[in-house]
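Right after this note come the structures.
In what follows, subunit A forms one complex with subunit B and a second complex with subunit C.
Right after this comes the complex of A and B.
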């Protein structure tokens, strides 16, 4: 083997491992969304079901494990996240744009200082930003007394928008700076020479030039706001956003409904990424065609003329889709064959669990200890702990909590 | 009167600029500067009782921070965990950025989009996916138990510092790939050819030419990962357990249940300063190293 080939081989293996590491957790999580068991897992596979996307289930102990469609907390959080995201976009994009325009105008020595001040918020840990916002507005609300100021000062959504804007506007700022660095200042000067006012220059030249940056910074601002947790968890106060709902679910009881939610979000991301890529390619091709045409018209060189007949080529992506379909049909077939799909399977699994549960209950009832035995001690009863709870004066001198 | 102001407004470019800037400036002051300042001032106060705060300025909270071992331990642990996260992320992503920059000829953009795809899904869900995998009833443990390789779930997988490092390194990979790729892609290929012509081997070329030239990207990646991970709060809370708890969790507790705002503010300020210090040291050292190399 040539050393070149060996290197390529090692790279190939490495990339495979890395991609597994990058996507493996997400794929495994997505698969667990279809397992009907209450705990997200793969190996004790009960049944293939859609229940975590729908109404969830009521456990045998009466606890309701909500699915995606029936969880009002998630819906509530989602709406609040959307409101906050919109608010952040409205505030952060103009701020970032204004700051970036200032950066191009100020003197070169001031520029370094201004730049470092502008990117400061990114360096602050999000926790501190959230806490500071809450502390400040609590003061303002206290000073302002009752009424409007107190209302907005203690409104979680308002505080979250402010707190997130603080560092998200910096992301927007960086995007605008990157775009403005390639801006041709002579365009502005030409417009001014031709008699345009400053306002006209701003709206007819600068804004159209910045349009792609405006779009991408709006998208990034919205996504960053949507998935922020560190700042939001403090500034949201008593309200809940989608991320804080998810966090409380992840911490307290992790259920496959979260996997289902993750799968939905991943699917949306994938669709967005693919459509973006398709649009970008189409745009590239159109631009190239236009350039070719222009070149041909200028030179009249017949070799540059495009011959119109196009041979039909099967795009490669079709094979991928076909492969996925075949795998899907095959595995679904396997599921049906092994009775692992459908309501019958789910009820069977529930029955099995219920009977196991009642067996354990019976076992517990058999081993039950009588009340008298508990009084006496030996078995972890009252006597074993020096009979502290038998003392009638136990809470007599207790003044209560401050 | 109004006309007078209009005249001034039309005449002076500076005033016009400030007028345009005013909303942004107001926002920066309202959302950014004043909360920070208030936190800074609060750190010199004293919590007397539940509701009361004594506003005489004192350094007592900073003394508290450094006299109680809990806080310094947590600060040290935060920095240690972030250091390992940065190291792991750099080591795992550098070869990949290198591959995309030098070996991929077509569809570079597609690769970049693919690498950053997990970043677009929610950060919390990525943490959750690790919990699903590493948890006591998680995929790894239940698979090993089903195969009969272990009797009881492996306890060290989750709720440990290792779990925190692994989760964070996975979550921040995309942030490291981008700056590394940009700095590697910018390298002039003729420099590499010159290096080969002068008799350097592949490894020597990498070590003497490619790596020093990619150092700006490396510094960028280090800062981008290190700074937010020191202050990270949700990952240690979800997968860290008691052993993997970090300083931000303590700060949160001080502002919440422990109800000691001044001490919490002091911890926040100290964290901020130590992060800035480490960031400065990293930048300084790498710059020195890159100067010596070139």
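Right after this comes the complex of A and C.
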């Protein structure tokens, strides 16, 4: 084995471990969404079921575990998250754009200060941005008295939009700065020379040039707002967004419904990423073809003309999909063979648990001690403590609360 | 100012000025200054604010160092302990992330062919788009008492009884390392990618060992990326709230959780502000340290 190969081999193993570390937890979490047991796990596999995506279940001890479709708090939080995300996009994108354009116009001395202040919010911990927004607006609401100002100053959605805009504007700002660095200023000058007004230059030249940056910063701003927790948890006050609902659910006890939610989000992310990648590749290919064609037209050199026959090639991704399908069908077969799928299995598991529960109950009832036994003190009843709780004079001298 | 107006036209200039002033002044500067001011004031009910009792005081900072007046200890060991535990853990997490990510970043930038590097980048971004809470939740499933890891270990006969990963804080540290690892990879990748490959070949031809090449060429070239990645990871780890909420054991606190308690459960906003200021000053000191250590400007840290 050559040393180069050995190196590549080690790199390969390392990357495999790294990817396992990144994806393993997510994959396991996704699988647990299909287990019908109350606790999200794989190894004591109960039944394959869709219940966590639907109505959830009422556990044998009466505890209600809501599924995705029936959880109104989740729906409520989702709607508020969408409202906040939209608000943040509307505020943050124009702010980031204005700041980045002005950055190209100010003098170098001022520019450093301006740039430093603009990127500061990224360096602040998120909790601090949330807290500072809340304390300031609470003060404003107090000073403003009753009425409109007090209302918005204590409105969680409004405060969250402001708090998130504070640092998400910086993300937008950085995207615009990167795009503006490649801007050809002579375009503006040409337009001005040809008699365009400044406003026209802005709308006809700068905005079209910045359009890709506007789109990507809007997407980033929305996503950043949607998944933010640290700032939101302070500034949302008594309202709830999707992330704070998830947080309170996780803290109260972990349920497979959260796995189901995570799986939905993972699936959406995957679809978005794959379609973005496909679009990008198509765009690249088209650009390359156009360039080749242009080159050929200019030189008229037949050697440059590419007359490759377009033979049909099977894309590699098909194999991946086929492999996944085979694995899926095989494991599903196994599930059905072992009677681990369908309502029958769920009922059986439920019955088993219920009988176990009632057995325990029966055992408890058998062991129940009679009142007499308690009184006589053989089990450490009242007598053994000198019957202090039976003493009517115990609280007599208690003077009450001052 | 006049030239500014002339250059952009009245309409656009007004938009620029409103947007920037609103952002810099109303969203960034005033809230921070007001919080700083509030941290020096006693905790009063809203009606007494602005009254004679509303004076500047150091009571909250004193509480952080010496504890409450009724406590027995000379110093506030609990809060100070949490504070330093948070910082030291965050530093360790940063170093571990750096060590993990450097080979990956180097591989993506210089060893792999562009197509597979591209694929790797896209697949690395995907987990980053998933909510931090849900990623922590995934680890919680793995590390829980009846979780996957315990079941596998017991099933294979390696251990007899379940290990309580959450009480041992193993889950918390793994979760924190997991949460922001991608913010380390990308600055490193960008920095290493801009290195001319010819330099590496020249070093190799001149007989430099692999280790020496990295130490003398790659790392000095990538120092801005290293500074940037370390700063981002440290900041986010020290200021993390979601991961500790999900993964920390009941008797371990993260400093942000302490702030959260003062703020939301004990309703002592000015003390919460004071503790926030402490966290903020740590962040600022760390950034300055990084800038000094790696001799980079603040603009190079965040890109």
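Rule of thumb we're sticking to: the second predicted complex is superposed on the first by the 365 of 402 C-alpha atoms of A that agree within 3 Å, B and C clash if a C-alpha of one lies under 4 Å from a C-alpha of the other, contacts with A are read in each partner's own complex, and residues count from 1 in each chain.
The rule is short, and it goes like this: a contact is a pair of C-beta atoms (placed from the backbone, for glycine too) under 8 Å apart; a residue touches a chain by one contact, two chains touch by 3 or more.
Since the model is a prediction, treat every value here as computed from it, not as a measurement.
Per the definitions stated earlier, placing subunit B and subunit C onto a shared subunit A by superposition produces a clash between them. After overlaying the two complexes on the shared chain, residue contacts for A:142 are found with subunit C alone; subunit B is out of touch. Contact with neither subunit B nor subunit C is seen for A:329 once the two complexes are overlaid on the shared chain. In the superposed pair of complexes, A:6 makes contact with neither subunit B nor subunit C. Of the two partner chains, subunit C is the only one touched by A:115; subunit B is not.
In the superposition on chain A, contact of A:169 is made with both subunit B and subunit C.
Of the two partner chains, subunit B and subunit C are each touched by A:243.
When the two complexes are overlaid on their common chain A, residue A:197 makes contact with subunit C while staying clear of subunit B.
Common to the subunit B and subunit C interfaces on subunit A are residues 7-8, 11, 14-15, 18, 21-23, 25-26, 28-29, 32, 39-44, 94-95, 98-99, 101-102, 105, 120-129, 131-133, 135-136, 139, 162, 165-166, 169, 198, 223, 227, 229-230, 233-234, 243, 246-247, 250-251, 254, 258-259, 261-262, 265-266, 269-270, 273, 277.
The touching residues of subunit C, when paired with subunit A in their complex, are 4, 6-9, 11-12, 15-16, 19-20, 22-24, 27-32, 34-35, 38, 46, 49, 100, 103-104, 107, 111, 120, 122-127, 129-142, 144, 146-148, 151-152, 155, 178, 181, 231, 235-236, 238-242, 245-246, 256, 259-260, 263-264, 269, 272-273, 276, 279-280, 283-284, 287, 298-299, 302-303. Within the complex, the subunit A residues that touch subunit C are 7-8, 11, 14-15, 18-19, 21-23, 25-26, 28-29, 32, 39-44, 94-95, 97-99, 101-102, 105, 112, 115-129, 131-133, 135-136, 138-139, 142, 162, 165-166, 169, 174, 178, 197-199, 202, 223, 227, 229-230, 233-234, 243, 246-247, 250-251, 254, 258-259, 261-262, 265-266, 269-270, 273, 277.
The residues of subunit B lying in touch with subunit A in their complex are 16-17, 20-21, 23-24, 27-28, 30-32, 34-36, 38-39, 42, 49-50, 92, 95-96, 99, 103, 109-110, 113, 115, 117-118, 120-133, 135, 137-139, 142-143, 145-146, 170, 173, 202, 227-228, 230-234, 237-238, 248, 251-252, 255, 261, 264-265, 268, 271-272, 275-276, 279. The touching residues of subunit A, when paired with subunit B in their complex, are 3, 7-8, 11, 14-15, 18, 21-23, 25-26, 28-29, 32, 39-44, 91, 94-95, 98-99, 101-102, 105, 120-129, 131-133, 135-136, 139, 162-163, 165-166, 169, 198, 223, 226-227, 229-230, 233-234, 243, 246-247, 250-251, 254, 258-259, 261-262, 265-266, 269-270, 272-273, 276-277, 280, 402.
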